[in-house]
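Please go over the structures that come below.
You will see chain A twice below: alongside chain B first, and alongside chain C after that.
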Partner chain A sequence: MATLDQVREVLGAQILVGNDLDQRPVAGGYACDMLSWVMSHAQPTDVWMTILNSINVIAVAVLTDCACVLLTEGVELPPDVAARAQDKGVVVLGTQASTYEASARLHAFLNQHP
Partner chain B sequence: MIEPVKLEYKIRGSDFINAGEASSGTKKALNRLGVSPAAVKRAAIAMYEAEINAVIHADGGEAEVFIYSDHVIIRIIDQGPGIPDVSLAMQEGWSTAPDIAREMGFGAGMGLPNIKKHSDDMSIETEIGKGTTVTITVRFQV
Partner chain C sequence: MRDLSLHLMDIIQNSVKARATAIEIEIDARPHTDQLVLTVRDNGCGMPPDMVANVQDPFVTTRTTRSVGLGISLFKELCELTGGHLEIDSREGVGTGLVATLGLTSIDRLPLGDLGDTFYILLSADPGLDYSLKLTAPDRTFELDMTEIRAEIPDLPVDDPAVLNWIRAYIQENQSAVFSGVLGEIES
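For the complex of A and B:
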């Protein structure tokens, strides 16, 4: 299975918080900015793509146990949210790409690396 | 009968920074007691939704959790405005969340339906001007 480390490289994403990306399997993605939808749909092997950067994003990432949060559109991670992510062991990546572009690239890559 | 493990939490209104403390504390306790990861996840998600509702819609409240050997009962109690039409509130997409909550990603109108989906039993007692109590049961075995 693909790892988050490989996925990060393919997406050209930056690591904002987290380590041991090679230990995290990735099998899919979920793109959504409504937390209740994410909570009921995101899987532990999903990259969650969002433009949300509030503290609650970390809570939802912990609840779903998703592989990482990928902040798209160059959205920045506020320091208090970064600290919470660090504390809870949540990996946060960042990219300038839109959620659409990131999803498309992730999908293409995962198709070749099932 | 063995006494249940009881946990109690205060939920502060409009406090988005600490919102989720009750559900994450409960999650830890369930994990420690050896409850299956799938059941812990269902309980944590259902409780987080109810907790966030108390924060957003009712200016806070309390949580009471009773952990038995094969199930957990979670009660989120608030003294907020109450829910005028529960069946409407239960519909997917119905939301009166204020803009500040929407900016943070809440307000899809999916919280109550999510609680139903992730629990084995859910009930809402509510009275206009008095408050709302949401009671959630999650069984550990499927």
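For the complex of A and C:
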């Protein structure tokens, strides 16, 4: 299975919070900005792409145990939210790409590396 | 939670869990200040001050099965996204009041949803609770009080399907009547 480290490289994403990315398997992606919807749909091996950056995002990441949060469109991570992500062991990546572009790249990569 | 009625349901379930026997719900559309104000007051067990202070933190919850409780956090975020705010005031042994203010015409404000369905579900689960519902717009208002309704139909249980269906339709009709042209939502 693909690892988060490989996925990060393919997406050209930055690590905003987190380590041991090579220990985290990635099997899919989930793109949504409605947190309650993500709570009931994202899977533990998903890269969750969103433009939201509140403390609630970290809570939803913990709840779904998703592989990471990928902040798209250059959205920044506020320091207090980054601290909470660190504390809870949530990996947060960042990219300038849109959610659409990041999804497309991830999908293409995962098709070749199932 | 794709509409406000689902958030309302979540808040009311908190009141039920707090062993409230009376729950007052008010929805007030104020076009002159561009606000939609949702208020829920209960006579449940209330919360200690430190829990009220922490209730907006998504990692604080009464649940023991997991470390995350998100209902209030998500609703607060939604309120702030629309230029509004959410306040909670609670006293142990007295009850809890929650006031959620949303920007009435903000593009991010979710539609109100179907209050008839919401009450159908709430009354099916807890027919004995003293719910009251008040809908207010500048020139119209609607009030429903379950204590009065029960007094009108002493021989019928509130969770009788005929009663539930009637209450649902009655709320739906009045939701349309009170908020028609005020919420700026497409009516089906």
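We adopt the following convention: the second predicted complex is superposed on the first by the 114 of 114 C-alpha atoms of A that agree within 3 Å, B and C clash if a C-alpha of one lies under 4 Å from a C-alpha of the other, contacts with A are read in each partner's own complex, and residues count from 1 in each chain.
Please note the rule applied: contacts are C-beta pairs under 8 Å (C-beta built on N, C-alpha and C of every residue); 3 or more make two chains touch, one makes a residue touch a chain.
Bear in mind the structure is a predicted one, so any value in this text is a computation, not a measurement.
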Overlay done on chain A, so just call it for chain B and chain C: clash or fit. clash
Should A:75 be classified as contacting the first partner (chain B), the second (chain C), both, or neither? neither
If you stack the two complexes on chain A, which partner ends up touching A:35: first (chain B), second (chain C), both, or neither? both
Quick check for you: in the superposed arrangement, does A:54 touch first (chain B), second (chain C), both or neither? both
Under the stated touch criterion, which partner chain does A:65 make contact with: chain B (first), chain C (second), both, or neither? first
Taking the two structures together, which residues of chain A meet both chain B and chain C? 34-37, 39, 54-56, 59-60, 62-63
Chain B - residues contacting chain A, complex: 16-17, 19-20, 23-24, 41, 44-45, 48-49, 52, 103-111, 114, 117-118
Under the touch definition given earlier, write down the residues of chain A that touch chain B in their complex. 33-37, 39-40, 50, 52, 54-57, 59-60, 62-65, 80
For the chain A and chain C complex, residues of the former touching the latter: 34-37, 39, 54-56, 58-60, 62-63, 84, 88
Residues of chain C touching chain A in their complex? 1-2, 6, 57-59, 66-68, 70, 73-74, 77
